[in-house]
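This structure is in structure tokens; I'll ask about it shortly.
To keep things simple, chains are lettered A, B, C, D, E and F as they appear, and every chain counts its residues starting from 1.
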Amino acid sequence: MTLPAFLLEPLLRAALTEDLAPWGDATTRAVIPPGTKGQVEMRSRQSGVISGMQAAELAFRLIDPTLDIDILTPDAAACAPGQPVMRVTGDIAAILMAERVALNFAGRMSGIATLTARFVAEAGPARITCTRKTTPGLRAVEKAAVAHGGGANHRFGLGDAILIKDNHIAAAGGIAAVLTRVKAVRSHMMRVEIEVDTLAQLQDVLSTGGADCVLLDNMDTATLREAVGLVAGRMITEASGNMTLPRIAEVAATGVGYISVGALTHSAAVLDLGLDYV
Amino acid sequence: MTLPAFLLEPLLRAALTEDLAPWGDATTRAVIPPGTKGQVEMRSRQSGVISGMQAAELAFRLIDPTLDIDILTPDAAACAPGQPVMRVTGDIAAILMAERVALNFAGRMSGIATLTARFVAEAGPARITCTRKTTPGLRAVEKAAVAHGGGANHRFGLGDAILIKDNHIAAAGGIAAVLTRVKAVRSHMMRVEIEVDTLAQLQDVLSTGGADCVLLDNMDTATLREAVGLVAGRMITEASGNMTLPRIAEVAATGVGYISVGALTHSAAVLDLGLDYV
Amino acid sequence: MTLPAFLLEPLLRAALTEDLAPWGDATTRAVIPPGTKGQVEMRSRQSGVISGMQAAELAFRLIDPTLDIDILTPDAAACAPGQPVMRVTGDIAAILMAERVALNFAGRMSGIATLTARFVAEAGPARITCTRKTTPGLRAVEKAAVAHGGGANHRFGLGDAILIKDNHIAAAGGIAAVLTRVKAVRSHMMRVEIEVDTLAQLQDVLSTGGADCVLLDNMDTATLREAVGLVAGRMITEASGNMTLPRIAEVAATGVGYISVGALTHSAAVLDLGLDYV
Amino acid sequence: MTLPAFLLEPLLRAALTEDLAPWGDATTRAVIPPGTKGQVEMRSRQSGVISGMQAAELAFRLIDPTLDIDILTPDAAACAPGQPVMRVTGDIAAILMAERVALNFAGRMSGIATLTARFVAEAGPARITCTRKTTPGLRAVEKAAVAHGGGANHRFGLGDAILIKDNHIAAAGGIAAVLTRVKAVRSHMMRVEIEVDTLAQLQDVLSTGGADCVLLDNMDTATLREAVGLVAGRMITEASGNMTLPRIAEVAATGVGYISVGALTHSAAVLDLGLDYV
Amino acid sequence: MTLPAFLLEPLLRAALTEDLAPWGDATTRAVIPPGTKGQVEMRSRQSGVISGMQAAELAFRLIDPTLDIDILTPDAAACAPGQPVMRVTGDIAAILMAERVALNFAGRMSGIATLTARFVAEAGPARITCTRKTTPGLRAVEKAAVAHGGGANHRFGLGDAILIKDNHIAAAGGIAAVLTRVKAVRSHMMRVEIEVDTLAQLQDVLSTGGADCVLLDNMDTATLREAVGLVAGRMITEASGNMTLPRIAEVAATGVGYISVGALTHSAAVLDLGLDYV
Amino acid sequence: MTLPAFLLEPLLRAALTEDLAPWGDATTRAVIPPGTKGQVEMRSRQSGVISGMQAAELAFRLIDPTLDIDILTPDAAACAPGQPVMRVTGDIAAILMAERVALNFAGRMSGIATLTARFVAEAGPARITCTRKTTPGLRAVEKAAVAHGGGANHRFGLGDAILIKDNHIAAAGGIAAVLTRVKAVRSHMMRVEIEVDTLAQLQDVLSTGGADCVLLDNMDTATLREAVGLVAGRMITEASGNMTLPRIAEVAATGVGYISVGALTHSAAVLDLGLDYV
């Protein structure tokens, strides 16, 4: 999943500004003789799945468009410890100025892709999907990282799909009232999903209709299996709530279609990437 | 550590735009009867240290300035599972629109504060400090979260202090050459730190002078202790590299002044906060 | 359909800046004695449907937060010639500075709402819907104006739904190939629509499956009726192409679900609104 | 009239962001095989006057700087139905992503240029001129389109010329008071125009002096002729108010210098342009 | 001359960000006990003319909207040494954070107003006017400061008036060619000025016509007097080039209408303003 | 001192927009035949020190990337009257559009560099340093100009170093209290400076400790000499307050380390640079 460069560029400019404002890099200015050339390799210290190469490359290019950059391990590819993922050649001061921003993007995104891949490996035919529990400002790149790890993308934000949660149902007077309302006003180009916590609620959803997907929230595995049986293919099913890695295989075995995991984006550790002088 | 609100506001606007652009919340528009009022409490599901209340409050206020907001657990305070940290009263559609952004900030920052506090508890008199391995765009709030957790803040970025690393030394011709250069050009209002990997390098630093701090990188505990002894209080000492929680007490016992930990910001899991309808 | 104010505000700031940059209103500065108070009414010179009151109010407020503003005809309400739609009281220089921007928004949006209402009146049970043929930068307010006129909103942009057009099919190797590809990669939270120009193409779509909606493009009324019959309720149907006002009733009578009309946003004349000194 | 590219670029970035945010084009990503090349032609379906080629070209370039773009019909040139106006060759996914934004700019601007040209054709030696009744955010490109259609540009906004209207006169105590005030404070580099509705007001203007131009508002043709005679070349004359196309020749025959027409920018229909796969 | 606050606000936000980014004021955070209240007065250390009170007030308000602010000496008023010009009461940390930005605006603008007033005092009936030799980014506030000092404002920038200089004449083939061109294309709402260096050039201008103003550049006083005589009231006259303070009275005595002085904005020293703890 | 181009670019875009918005250069559009080529040289009319070449070059490049630009006198080099500093060849309309912005940057920065060099020439071994009394929005380029003139840079803003002034001491309860507070909370990567007005205060500072530098404010030369003697090399010393050029040599002779001069940035006259047609 490649993002249009013009959408990515403001994120990179902001990150470089954060690190280099207001007057540039005091260290390279003080110590690197102007014109010094060199070559570095970004390497992984761990095994995992790579993501963020597009962002990292852009970090270097925005500092110095004349750098020579080779992506050695593309987004969505697995990497082994020690594996080089990018090679950058040119003005060494420019490389060192962009280094941290490039690594911060690539490490974080690769961390998300790697964690996603671990969940995907457990899920069999069920699809692992992300949530809106993303880092403020970085949702697009984090959703791309989920895709690089083999996950499916859920809605992006509040404007592109309807997802009716417990608080909505409480505020709006119950499942039947809510779904009736939605049927009257929904766009024909927007999917509708509704959260249920119990089989009784699920029955209400099934009898009222008007939703494309049902979010089976915080159910134990047995209840989940029963819920999937009740739906019987009439809606897309998604399980959420406390979906830890050890539980995924068992959840997937219920036949549920999607398993959504907030931790993919809110609690992934970075993949340890570093820049080595060659 | 409170950030000026006008610096925080653009981050919140960007995050709300990310979630609500281009045309607002399709779900609340479809299902919540206009004018519905309600009250919610943000509660922690875990024990930890709270951070991000200023950001969370601003998320709600930017959506609806008429909301009534009480911070029940201030930044830097510990929280127990189930403890309410913020109460919001008013238009329920507005509350639900801002909910995710408020939680994404508060959960992430509290996660960082909580992890920092765990390291601080191990470090005794040594200070735990952060790095530039922060989330792109969120460095200021993440450095504030480190402070809320009891950590010390390292330099903010490349422009406010000089930190000479291995790659700089390699590109610039060795420690003596680098420090001589720095002495000639450094600002009198900027601190200088230099990284060493060996005791021999440390000797070079001590004999050349010109640095306020020395970063003792990737040393085992015994070497670290020896290095601290060699420095003998003439410089500030900082240990870095593979500083995992189980190792902190032992590292601190070497007498080193600061221990820097990238994981505080690059790999903290969120603190699980949720919004409950009251 | 109300947009979150923080999303609308940048549009109004940009429009006011366009009119008032770089140094304000030379005319009011030269001729209005400071402190002069007054009252104006925005009135419609034509019958139509009002939209843009939220934007117009914000234009006045951004220039002078102390103005007293009453919306007399809310968004989505019909208006008769001469009917007052908004009353503004306060500093007259501020009112005159904001006047043109307020009118430019309200006139344009009311023009769209009015034209939409005319199409809706012809369409019976079929829904009139908009397209992406909107004014650059104003899509959100224009889609809101369509809703105020009684129209249904189509997808917002390229990121929130999949709409496969003739050029996509040509570039990607035919309907079956395209739909097979889409089924494998689509998000479960995103709708899929595909354009067909002939009944043969429609048959391909029906036999391959994988789309929620079919766009019946540039068909004559007889073919359209046949197409709707072929679909037989298995997909949402939408007619497009040359959908002029005189033809709408006949098209609607085919049983098609949606009729999309680019002219709603690309060729609506403004509703003539003016500001009268009271 | 060519605008500096750096002024146009933010408009195009905003429009592309509106269409492609937050994560790009879901359709091309799903269906177009990466690397597919192709050629398209933008063609007019109607006769008219072309405008917006500079903006359309920039839309394509911002998505993909490697596209090959030929402008076949330049701004301000007439076009016949079916006439190709631009040819774009290269990555087909990039072309399809930029298509709608390019067409939205070119269609709207060509619509304005075409409508302007129709008025100009009726006006003989009188000049057709635009107003501030433009689309919020697009005034510069719309004023350029008026120029491409052969019209004259009025002032840009509130800061570059003084135009005293009825509401100003009412608030400031009459024509003599207003013009006396203006003479004292006006910049020597700024033109002054004043609106009159009656011949009596015109007499006041002529006897007080201090204006370069007089706006003869909402007069019938006979009154207008009389007014032009009264002015006798001492000021520039401009007619406004209800200046519909059928009336222009007659108005122009009064000898008035300028005829201002709000409809040029507030109610022009788009020129129907489309992109055809070659 | 008051600028619309919404135009001034981005300048103040940028200046505060420049001083306080990325994480606020390290000094007040370290040393001022939270909640400390106090009162300060901004006082002039010199005699002069005050300008920039609007900007200074906004600097304080953006940091803390609850501060109590009294403007004691308004824009355009003279001040004596020691005279208080603004009083601010409230949170002392907020006051100290905004202090430097407030003073930087007020000192610079008052410096310009003061220098302008000195030129105006020498110029008798001739008007002193500014140029485009302003500080990048601050033109609007600097032109306002010129007005506060009693000067007349020249055009704002390249888009609001035509000023034909020597380089234009050289590139475009001489005065007659240039003015003929301009007459054909100029807007009726835009003034035209042309620069001449010799009386022969002036004769060309007078015989060709088409300009409202003539810029008599770098002439000695005798030539200037002759030029003004030649023009004989048919155009506005403006003298420029080496217009130092000692020369102004003599230049004004030639009867020239305007004297433009780049130094007003490019070389004014600040007026020394300071903030005293009360 | 070279600033990263991506940090400089927004300043140049803002300045060009200020001069060319909203619709470009009316004069070149009216008078320069499209396609006219030419060559100009930027020349100094005075002797001084050049700064701002990087900004001036960027001004030209942003208007027209195809211009041929040679920097003939680099930043930090001295120039004689008449000396060419930059040569630009290409489209003459583009050159004339960018001219004023390029000169406004280069003239202002060269003025600062020139004034700094004059102070440096008087200061012998003492270093001349700047303050935060800079032009709002231009601090980074002005601090670079100080460096080009041979000056030392003080802290950039409120966030990168602690500088405790008289108002802080007054609000926080005296020198001992303040320094004790600072020692407890300061970052190890941030320098601390404290202002003293008397020798008694200096004694307090020396006995409390905790500061790296002491600012000796508004002392006469004899007191200053005594203060430097008291410090005896234990802290960096800086003199400030009324540091006019004639006094510098005498102040430097006290042995003080740094002399800070607000006038470098708040009251430097421009260096007179002009663009000559070749």
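Note that a residue touches a chain if its C-beta (ideal position, glycine included) is under 8 Å from a C-beta of that chain, and two chains touch if they have at least 3 such contacts.
It should be emphasised that the depicted structure is a prediction, and the values quoted were computed from it without experimental measurement.
Participant: Taking contact as defined at the start, I'd like the list of chains shared as neighbours by chain C and chain D.
Facilitator: Common contact partners of chain C and chain D, which must touch each of the two, are A, B, E, F.
Participant: What's the call on chain B versus chain E, same or different interface residues, using the half cut on shared numbers?
Facilitator: Different-residue interface.
Participant: Check C-E against B-F and say which one is joined by more contacting C-beta pairs.
Facilitator: Pair with more contacting C-beta pairs, C-E versus B-F: B-F.
Participant: At what distance in angstrom does the C-alpha mean of chain C lie from that of chain B?
Facilitator: Computed value for the inter-centroid distance: 44 Å.
Participant: So the centre of each chain is just the mean of its C-alpha atoms; given that, what is the distance between chain A and chain C in Å?
Facilitator: 32
Participant: Calculate how many whole Å lie between the centre of chain A and the centre of chain E, each centre taken as the average of the chain's C-alpha atoms.
Facilitator: Computed from C-alpha means, the inter-chain centre distance equals 52 Å.
Participant: Spell out, as numbers or ranges, the residues of chain F touching 2 or more other chains.
Facilitator: Counting only residues that touch two or more other chains, chain F contributes 18, 20-25, 29, 97, 139, 156-157, 159-161, 163, 187, 190.
Participant: Given which chains touch which, is the overall layout a line, a ring, a star, complete, or other?
Facilitator: Graph shape here is complete: every pair of chains touches.
Participant: Mind listing the chain B positions that touch chain F in their complex?
Facilitator: Against chain F, chain B makes touches at 127, 129, 152-156, 159-161, 163, 187-191, 193, 212-213, 236, 238, 257-258.
Participant: Looking at the complex, which residues from chain D come into contact with chain A?
Facilitator: So the residues of chain D in touch with chain A come to 13, 16-17, 20-25, 29, 62-63, 97.
Participant: Enumerate the contact residues on chain A facing chain D in the complex.
Facilitator: Going by the criterion above, the answer is residues 1-4, 6-7, 139-140, 143-144, 156-157.
Participant: For the complex, give me every residue of chain A touching chain E.
Facilitator: Those in contact with chain E are residues 18, 21-22.
Participant: In the complex formed with chain E, which residues of chain F make contact?
Facilitator: 11, 14-15, 18-33, 36, 38, 40, 92, 96-97, 99-101, 103-105, 107-108, 111, 132-139, 157-168, 170-172, 178, 181-182, 185-187, 190, 263, 266-267, 269-270, 275, 277
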